[in-house]
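In what follows, chain A forms one complex with chain B and a second complex with chain C.
Let's look at the complex of A and B:
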């Protein structure tokens, strides 16, 4: 076993929650508002609940192949060559995701807080920190997350409740004004983000009770859906959908607009805390998944030797994959949802499950025949 | 163990370079903290934007304002810096050549826009406010008839700086109900929302007493000369002139009305109140009606609470709006000695007040229709309840808006009569 630590189902749920929530809250409101207009706050729960499908797929697979990660059971299901190919494509997915997240992190900080600092400073520091976390193992990441989740959720709730006085709910209406198509288009973005919960397929074997993964995964999706929807309602009721769509980070500008008696103001530090802490966990999780994946695909006895070299790859990708913020936004809006849902959060898990079911049935029938014959 | 201790110690020393915050540190002493920005537009120039910044004088941040203010001469705690350029950013950049510190906009709270700038279009102003990472969306945007620069150049009266003076006026506006301060993000939202136009409060240099009341002028001149001669003994030369030239005062009243981002015109204070009645923005207002017993004398009634409900009415493909207003308030003062405390009298006063409110609202709506500016957001209200209808006619909403008909119903109640139940009798 490459990973000796064990985490509880609750810790796994919290880890998945922060993993999804960290970037969804900053990036998705603008994109969904652009695509779905007034109906963004309906599109977001509709899309987010897609994450439950992924949880279910991953859970059934995990139960059928107890103690094995997605990298291992894809080989069990599809055979040596195809299985390794699928496992490697998942490694690529986690790597790509980690690089994109790191890039989002750096872009937000340079845009909003520290415009004179080069992007690479943020990216490299974050990857260095995440590398230390990954080297320490899953258990350490999960325990650290127990502290961070308190920080993130309580500050978000504080922000939302402090801002209620400036919400103007009438800006959310009319609903369903332009039919179902904009809602569907807007829903695909939060769906892609919540599909990231496919990382549960890597973590599940390390749960003390793997059967708890279904509940904790579903809870993570529901919790993140609730927060995203609240964020969208808050942002849209203050800025309106048309203005929201033209921002990069609506929640940041929203927090800057909270001004209670000119005393309770300037809360953007809170957003900074949420962002840095959350993204750190998110990067660590995907980084860990990629490292473990490499080790399992190539049959290494330790995943730690590959961590630093993977970090270098992530660092290079995080700088070179996107040349500017417009390209990143364009990728996240147009390419990423289709790509990640069709391949990783729905396509491949569905393929694995159906092949596994068919093979199980075939072998079951074969066994049955054997018995009849015997 | 011993071999590992040294690297670990070195590693522990490393944070010393980052954690003390010495890396690219910016001290408060290095910042020129801007409190207010005035943006003027000078048409027909290559560099049309004239930006004036109200910067806090360094010495007065720490020191007490009183000591500086009492000292006569350089009493103002802020200094103005101007620059002009082809865009607002460039104008600020040009101003920075005259400033010995780094311009810091995070504490800016006011953006004053001149009439010409507003007529040219607010887009460049809003773009600057929203795009700059130091500027905040909670900046108040105000329109100044004439030059915005002159407003910042006006001397402060009660507060320690002109920015605080204006912020105080904005805070007071919520109780006078004759101006409606709006943050930049609200204005941008209104500009972005279909079927809704935006507005901003008007800040002007008030005409001096001598201009309003001609009799005052001669009196002032005489007094001024007397006092001036006395003053000049104490303070030195120039006292006489300062006394005669009246000190400027600022007035915040009325609303600048936009269509898109272009200034269309102004609402006067009473029209602004009529508009605010529709937006449920009236917190305290005084309405004058004739005395029911003594019609040539006046009675003043306050509006302390007003609730307007606007509902679109569709009949035969035509859109109109029904407006229901419920207002509450007290009897504030009366000029006659008649007893108005009887319930039926208060009822009469109530209906007189309702009629006065209705006229105010009608006047405001008429003016808005003249200006083709839907700052109440009737289009947006229609869009919320009948999106299909709005999609058909929303294309040319400004034209539709000018033809709209309104059905206004006002109910007003007089709840209290102040400390007196009836006027105290006077024996003649």
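Let's look at the complex of A and C:
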């Protein structure tokens, strides 16, 4: 085993929750509002629930190949060559994802908080932190997350409840004004985000009780759906859909507009803390998945030696993949959902599962014994 | 440790051998009767050779009352009770007119058995087969009796030395609670614990460590509560200690903790007997070390450092729970306040309300340093002040704090070197760091304040968060004997977390912490130990109801 630590299903669920949630409430409200208009707050739960499909696929695969990660069982299913290819493409997916997340992080901080600091400072420091976390292992990431989740959830709830006085619910209506098409278009973005839960396929073998993955994965999706919907309702009811869509980070301005008396103002620093902590966990998870994937595909005995070099790759990608925040937003809105859903959160897992089922049927009893051993 | 023991045994055997070889030619010349008495002399000489001419070793040779046996008693002056030795050991053997039976039994071949039999009612005795072991016990304060012609050696438990009385511990004083603290003497300490926990499950397990100091280390636990695997691990780690000296429990702490390079203390220590007893009852293992009042509590999680013994005696809701929340706030202030101040005044002016910003800006007008430098300077000054004051005699220490704190601080502000706001920040931080109950945890926070300050000065709040996340990674990777350091926030159940941050009333605390994985988790059965209510009133009410029902 490359990873000796074990985490509980609850920890895994919390990890997945933060992994999805960290960036979703920052980017998705604007994009969904742009695509779905008034109905963004309907589109988001509709899309988010797609994550449940991914959880189910990953769970069935994980149960069929106990103790093995997606990098390993793709080889079991598709054979050596094709399997390694699929596994490597997943490694690429996690690397790409990590780089994109880091880039989102840097862009947010440079546009909203420290405009004069170069992007690379934020990217490199975050990757440095994540590298230390990955080197410390999955258990440590999960433990940190247990601390961070308290911070994130309690401050988000505090922000939403403090802002109720400035909500204008009329902004959410009319419902279904422009039919179902915009909702469907708007739903695909949160769907892509929640499809990131495919990382559960890497973590599942390291659960103390792998069968708990289904419940905790589903809980993670539902929890993050609830938070995203709350965020959308809050933001839209304050700004209205058009203004929301015109911003890159509506939640940031939203938090700025909360004033309690004359003392409790300027909550945006809270958003920054949540953001940094959450993105740190998110990056660490994908970074970890990529490192473990490389190690398993190439049969290394340790994943730690590849961590630093992968960090460099992520750092370079995070700077060179997108030229500016507009391009990043464009990519996230137009290209990313189709790409990630069709390939990684639905396409490949579905392919793996169906081939596995067909092969299981074909070989029948003859291979029944082998499977038990494997 | 064992090796040392064998080495000593070998040495003594060699010496005895050499003596006998040297004396052999003499032996041939003289009569066999003299050879017997030589045997005692040789052994005494061996002891003298081993211990050198140390003045504190007392060797008294004497004969039994009936002149039939030669004996020698050895003890260390100041560590054994001389009166007991002469009254209950030497006199009964020496005096000719003791019991007839004793006199009859006491003969050359039978002396050891006779003495053991007849003296057992006077003192605690035991026999030891070889000289090296006996000498070792003598060095611990026992007295040893060598009998001519007998290979085995009688050891009398005569340990008695000057020790400090049981006093109130200076480091952990309380307003309410017992005032007894541990002392430097092991027996006193074990009796203090035994007096509090009279359960038969209380175990004192003795181990020795230190090749030269032979320090006694005692593990204390309750047999049917403690987690066996933790206990096993403690034993293993202590047995693995191979050093020549252990003078304080701090030595042991360093030898057995999980991450010795960490800035955070992973083992809690206490001088308070009640706190130690509470830890044992919770299912933890206590390590007593001879010659120090500080005991170690294992395993330890970080949040133990925000608890004080007194919490458990005060009113639960208002007293203890709010105090704990206050301590958590204080912990954060002690760690971050200067960094936050620097970050906000340097990078994030927009976060402050305008009026506050204006007053801070006005105060900073004309200050020659950037806020980071100012903060570092003031923090460093404060640390120096504190270090200077801490070890001086009390009257001088006060002078230091007056000169350093009042005169220098005031002058610095008047001279325009530091801003008053910075002085307020530094002073608040200092007071906060004093409010943390555990001194060793507060040192770690003091240390971490400086890197955070520098990070905040370089990158603002982002730098501060960066630093905090680094600390969080570190804290998450720490463990104390298999239990995550951040437990119960990280590892335990919600129940544990509530018990840690709030003080649950005693009538409501049914279970021991889940994270410790103790064998017996039940403190009280939930049905039996429910909320105390005035019983007679309730019964009266029921009787009233019954009466009324009867009337109808």
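A few comments on the model shown:
As a working rule, the second predicted complex is superposed on the first by the 364 of 374 C-alpha atoms of A that agree within 3 Å, B and C clash if a C-alpha of one lies under 4 Å from a C-alpha of the other, contacts with A are read in each partner's own complex, and residues count from 1 in each chain.
Note that in this section contacts are C-beta pairs under 8 Å (C-beta built on N, C-alpha and C of every residue); 3 or more make two chains touch, one makes a residue touch a chain.
Given the structure is predicted, the values throughout are model-derived calculations rather than measurements.
With the C-alpha superposition on chain A as described, chain C and chain B clash in the combined arrangement. Within the superposed three-chain model, A:113 lies in touch with chain B and with chain C [touch as defined at top]. Touch criterion met: A:257 reaches chain B, while chain C stays clear of it. In the superposition on chain A, A:326 makes contact with neither chain B nor chain C. In the superposed pair of complexes, A:316 makes contact with neither chain B nor chain C. Put simply, more of the residues of chain A are touched by C, taking chain B and chain C as the two choices.
By the document's definition of touching, of the two partners only chain B reaches A:242; chain C does not.
When the two complexes are overlaid on their common chain A, residue A:174 makes contact with chain B while staying clear of chain C. Mapped onto the common chain A, chain C and chain B collide along 452-460, the only clashing stretch among 146-154, 236-244, 452-460 or 524-532. Touched by chain B in one complex and by chain C in the other are residues 113, 117, 265 of chain A. In the complex of the two chains, the chain A residues touching chain C come out as 109, 113-114, 117, 121-122, 125, 129, 132-133, 136-137, 140-141, 143-144, 146-148, 150, 262-263, 265-266, 268-269, 272-273, 276-277, 280.
By the touch criterion stated above, chain A contacts chain B in their complex at residues 111-113, 115-117, 170-171, 173-174, 177-178, 238-240, 242-243, 246-247, 253, 256-257, 259, 265.
Within the complex formed with chain A, the residues of chain C that make contact are 347-348, 350-353, 459-462, 465-466, 469-470, 472-473, 476-477, 484, 486, 489-491. Those residues of chain B whose C-beta lies close enough to touch chain A in the complex are 24, 130, 133, 136-138, 183, 185, 188-189, 192-194, 383-385, 387, 391.
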